[in-house]
Amino acid sequence: MAVTVRTFASTGEAAAALSSDRGARYFGGGTLVMRALNEGDISISTIVRASDHALTRIDATGSRVTIGAGVTFARILAECGLSFLHAAARSIGGPAVRNMGTVGGNLFAATPYGDFTVALLALDAMVSVQGGLGSRDVPIEEFLQTRERQTGTLVLAVSFQKPASADAFRYRKIARIKPKGGAVITLAAHLPVSSGRIVGARIALGSMAPTQIRARAAERALEGRTLDGATISAAAAAAIEGTSPADNALASGWYRREIVGVHLRRLLSGQE
Amino acid sequence: MLELRKDIFADERDDNLKEIGKGTQRQDMLGHVTGTSTYFDDHKLQGMLHLKVVRSTHAHARLRRIDTSEAERAAGVRRIIRGSDVPRNLNTLLSLINFGKDDEPSLAVDKVRYKGEPIVAIVADSPREAYEAIAKVRIDYEPLSAVLDVEDALKPGAPVVNETYPKNAFIYHDIYDHQKLRFGDVERGLAAADHVLEQRYQMSPIEHAPTETNGSIAAPDTNGRYIVYTSTQALFFSLDTCAKILDVPSNTFHFIGGTVGGGFGGKVDTLTEPLSILGAMLTGRPVRYVFGREEEMQYGPPRGAERIYIKDGVMRDGRIVARKIRAYFDSGAYTRLSSYAAVKCAAHLPGPYTIPNVYGDVYCVFTNRTPATAMRGFGVTAMDFAIECQMDKLAHLVGMDPMEFRILNAYRDGDMKAHRREAKNCALIECVQVAAEKAKWPIREDFKRASSRKEGGGSRAAIPPTPRDSYAPVATPSQQRTTYDRAPAASREPPPPPPPPPPRPQAPSHGAARFSSVFGTRRR
Amino acid sequence: MTRHRGRGIASINYPIGMNLGGDPSQALVHSNPSGKFTVALSSIDLGQGMKSVTRQICAETLGVPVEDVYVDTADSDTGPHCMGSFASRGTHRVGNAVMMAAREARGVMMEAAAEELEVNAADLETDGRGNIHVKGAPHRSISTKDVAIAAQFKQGKTISGRGIFLVPLSDVDPETGEMSPATCYAHACLVAEVEVDDETGEVAMVRMDSAYELGRALNPRLVEQQLVGGAWMGISHALYETPEPYYPDPSHGPRDFVEYLMPGPGDICPHDIAVLERPAADGPFGAKGPGEMCANPVLPAVANAIFNAVGVRIDELPITPEKVLRAIKAQGGARPQARR
Amino acid sequence: MAKTALQFRHNGRDVAIFVDGGTNLLVALRELIGDMTPKFGCGQGGCGACSVLIDGELHLSCLTLAETVAGRSVETLDGIKDGPSLHPLQRAFADNFAAQCGYCTPGILMAAKALLDRNPQPSRAEVVEAISGNICRCTGYEPIINAVLAAASVGRARA
């Protein structure tokens, strides 16, 4: 049986089609769903698409940024107002994948993929999802924790507060292969500074747990302090707390635990 | 950057040539840059069907029941192929050169020996329909304990991976579970050495990862023949293998290939051709069987892992006086080509050095993993890694520069090699000298003046007295039959007790047994 | 300071052709009526340049320009038997078969030319530009095209040749391993320089310098392709590749090119290569085969360079950052060795 | 089996085909249009052998749902020659011996074209980035990088 492709003008109709059909999958950039089809995943019998322009909109004019779920990484790289996200966007795939892969799809990408989501987690993003009665916003942490159950969910957009300065947001993907490689670990740090002190630090890690997680102990070590050597060391030492990295083809859990602090220290201190 | 050092060995060459030595453009370059080079998959045939296989989900299991009834009724399915449909469902690749016993089915019948082993092939109108039918095949497995480590596999009581070789090791010369190399008295050499260093090395399996995956398209041709477009690295090898498995004369096939998207050794095993041809025979339609990337990576054969133990004796002045090596090739569940690599590996010992006492035992071991095959540097890459790491450690141990240490021990023209042939046309020393020069690595004048053409032979040309092994050979039947082939899995006789070992062949007076004695099943 | 540089070397040899011999290859060469030649093979071009190198061998042997030769590979109906493209046998075995076939075809061509020029064939030579002339008298000349036309339409001769090359199969002594595995060997020595991060165990390639001895570089550009690409594969084997990352535990096998690690274009390093040519007695124009051995010295050279950089020996491939880091931690930190 | 009609521009010519639901662009190009230049290497988005330009942007045809190119322009290696003359990139790849088995070459050429169309004078790092989604198992990448840089310098000389 061939796959049925259903394209809807509105996200509401698309969401309804998704929730009514267990074999339906939402088709964003194709990098996940098309791959699954190519590899013989017969659980997908319907592809749902939505042509709603809101899905591909970027609003980066104000202090709060909204990025439609269908926005590609190439679009983010072309957007000057989102330069703080360029490192994260550039770390996804090669140029072709960046022309195809979307912000919304990345939320569903399992390890070793999903690096952009690490950046979104550090930015405390809200994930806007289409419900039966319109859209609702879900904090990204909550979204990720319940991701297993979100397969039939249609994500509309993500939104977050723009970091105050270029230096306040940092991102690094540790990969074996350069320039395009799967993540050994991924780190993102949002370090808002108020009168010289860090207020509301958020550190997010990829490949350190079944989903992207926050390094809360490291955040606590930074909170209310200036970003000096001692603070950085304390945060680096705490990076491992609460993590449960697994073994995979790219590295072992042991190795990830060993290096997460090293890389957090280097990220916070601006070292290569 | 490539520099031709025409100054070295100039007296041995006639460089007065017209076409040879020129950097002429490749004949195939225009095709490559225009995308018009034709690979096997670039043939578009009318009404082509698609073949996919059902693969074992267990590393080692008995197949209690294979139920394809639902799959046969699935939409778009043209034919289900099972082991009983394969005319000769047991083969070993090197049977074409009479080396080894048939040990591998095209489709497993009563037992699977590695995760991913093909059990059923499905020929359908589209890949999607083939995948849907795969999901409808029911296989009842009785899991067996698996063995995955080469040394564990050789222990008494280890699960038997492949009944053709009940000791989990390929049998050499009908009598030994390893290939031997004996040259001089290694124990005496080790005893006399100033230092002895014993180390263990392990090479991982490696995937060939050609950008084009393994595959073939077979189609009925005129005159009852079949045309086969294939990615094979060895056209007639694949053709003859198919003729054997499908039990038809070789001129039944017209194989076309020759332009292949990378091979590196991974396209010798003829994995897709027998089934795509059989699919074409059974449906009368063109059939395409191409590996997906995950299949290529996990179930296409890798370069097998090797474990190597080296024990060296070295003198304070840097001369290596003894090298003893034990190496295990992880062949996976079937022989394929690993048995041959072990012989090549034994021949390679002790590396490009002249060492008066050399001892090697090289094993080809069966484990419950994807069968291994040839890869670039087959039989040698891992051994070179082990030997050259060992050389570095020995140089460090005696406090010598590693370049000079290699020049000191390098083989030279006229030296006797451990496989008892004279070294000729050597050039290791010159390579070391030039590499040192290029890397601005200082070596002493003496070593700069050394030459592969000097100081070899003489006493270094002698074959040293070599003690014979005292232990008894491994007893094994020369013609072990197995219970699979086309027989149904239902009733199983207990395997007969192995017949007594055959008498050891008498070595001819010249010291070398006929090569045929290597083979268990040489054709008469 | 967390990053340390080190250099390591390895030197190797490599047997050419299938071990023990017994692996024949055949070739057919024939001319069309315009004096252009076709070589029919069933040998495979995997990218190594089989078609191109045999084309040059044929042209040189015939004494015609390379443009006048076309190599057709891998059709079992038209190409005679070849064992296959593996074991570094292509250049050596197939090259010799092509040479033999081309020699026979050249013989007929020279006889046909002799008949046209009314001289003895032994007094003729080719100029490599498509002409045959009397030795010492270049004006007494005939083009290969005219020879082919004459042979075909006037003399009724076929300008063609058959070639086969076989290294006879060797015995193996079960007790001593006495055997003749190969008739010739290629050689190499390679120096690798690496940089090791002692906090993460990451190894970066800095540069390589090498010397490869190949008998003869029949086409230096093709040789360069093999050596550059092969050394890249050596780096890949040394530091990255495995379909079983936890071997012998088979879990977590990679399924795609993100999980199966190979160095990307950002991981490569400069590689300075010297090629030496000590002709093999039985190689076509002395050539051996560079295709396989090119990768082999890289693996141990990299391992030895890592020791030189941080003082740890990693004896298991691939040398992952994890293995390096574990070893550094086990010895209580990096111990850089004497800088070379 | 329901098929969907699909029209798009293929290398400057309008084409119309009928595709099954879920057909990817690689299959559509190869099996329905007959353009064999994009290659199947993985179907996973990892090798780049199937790379094509869609409205000038580099895409992986194996991960592109064929019907999403309706009304758009698809360019493959088959379309980059200028009549019988090779594109400067094709010439540079040949001159630099940047192909061995040739299987990755069509995809890498398209990735390189996507770069040079946008950035005619790239740095080495930009070339490396541009081909980073393409696997080559033969060359070690160095000749490919050199070829793209050489093609760019030809472009510079012309400008």
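Order as written gives the chain letters A, B, C and D; numbering starts at 1 within each chain.
Basically, a contact is a pair of C-beta atoms (placed from the backbone, for glycine too) under 8 Å apart; a residue touches a chain by one contact, two chains touch by 3 or more.
Everything numeric in this text was worked out from a predicted model, so none of it was measured.
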Pair joined by more contacting C-beta pairs (A-B or A-C): A-C
Distance from chain B to chain A - Cα centre to Cα centre, in angstrom: 44
Approximate Å spacing (C-alpha centroids) for the pair chain A, chain C: 46
Rounded Å distance between chain A and chain D, as computed from the means of their C-alpha atoms: 29
Where chain B and chain C are represented by their mean Cα positions, the distance between them in whole Å: 19
In chain C, residues with contacts to at least two other chains: 46-47, 49, 221-222, 224, 228, 230, 233, 245, 253-258, 260, 262, 264-266, 271
Sequence positions of chain D contacting 2 or more other chains: 20, 22, 42-44, 46-47, 97, 99-103, 128-129, 131-132, 135, 137-138
Chain A: positions in contact with at least two other chains: 2-3, 37-39, 179-180
Pairwise touch network: line, ring, star, complete, or other: complete
Complex interface listing, chain C residues touching chain A: 199-201, 240, 245-246, 251-255, 258-267, 320-322, 325
Chain D partner contacts - residues on chain C that touch it in the complex: 46-49, 221-222, 224-225, 228-233, 255-258, 262, 264-266, 268, 271
Touching residues on chain D, where the partner in the complex is chain A: 1-2, 4, 20-22, 24, 43-45, 48, 51, 57-60, 62-65, 67-68, 111, 114-115, 128-134
Complex contact set, residues of chain B against chain A: 52, 75, 126-129, 131-132, 134-135, 292, 294
In the complex, chain B residues that touch chain D: 25-26, 28-39, 41-42, 44, 126, 128, 208-213, 259-264, 290, 292-294
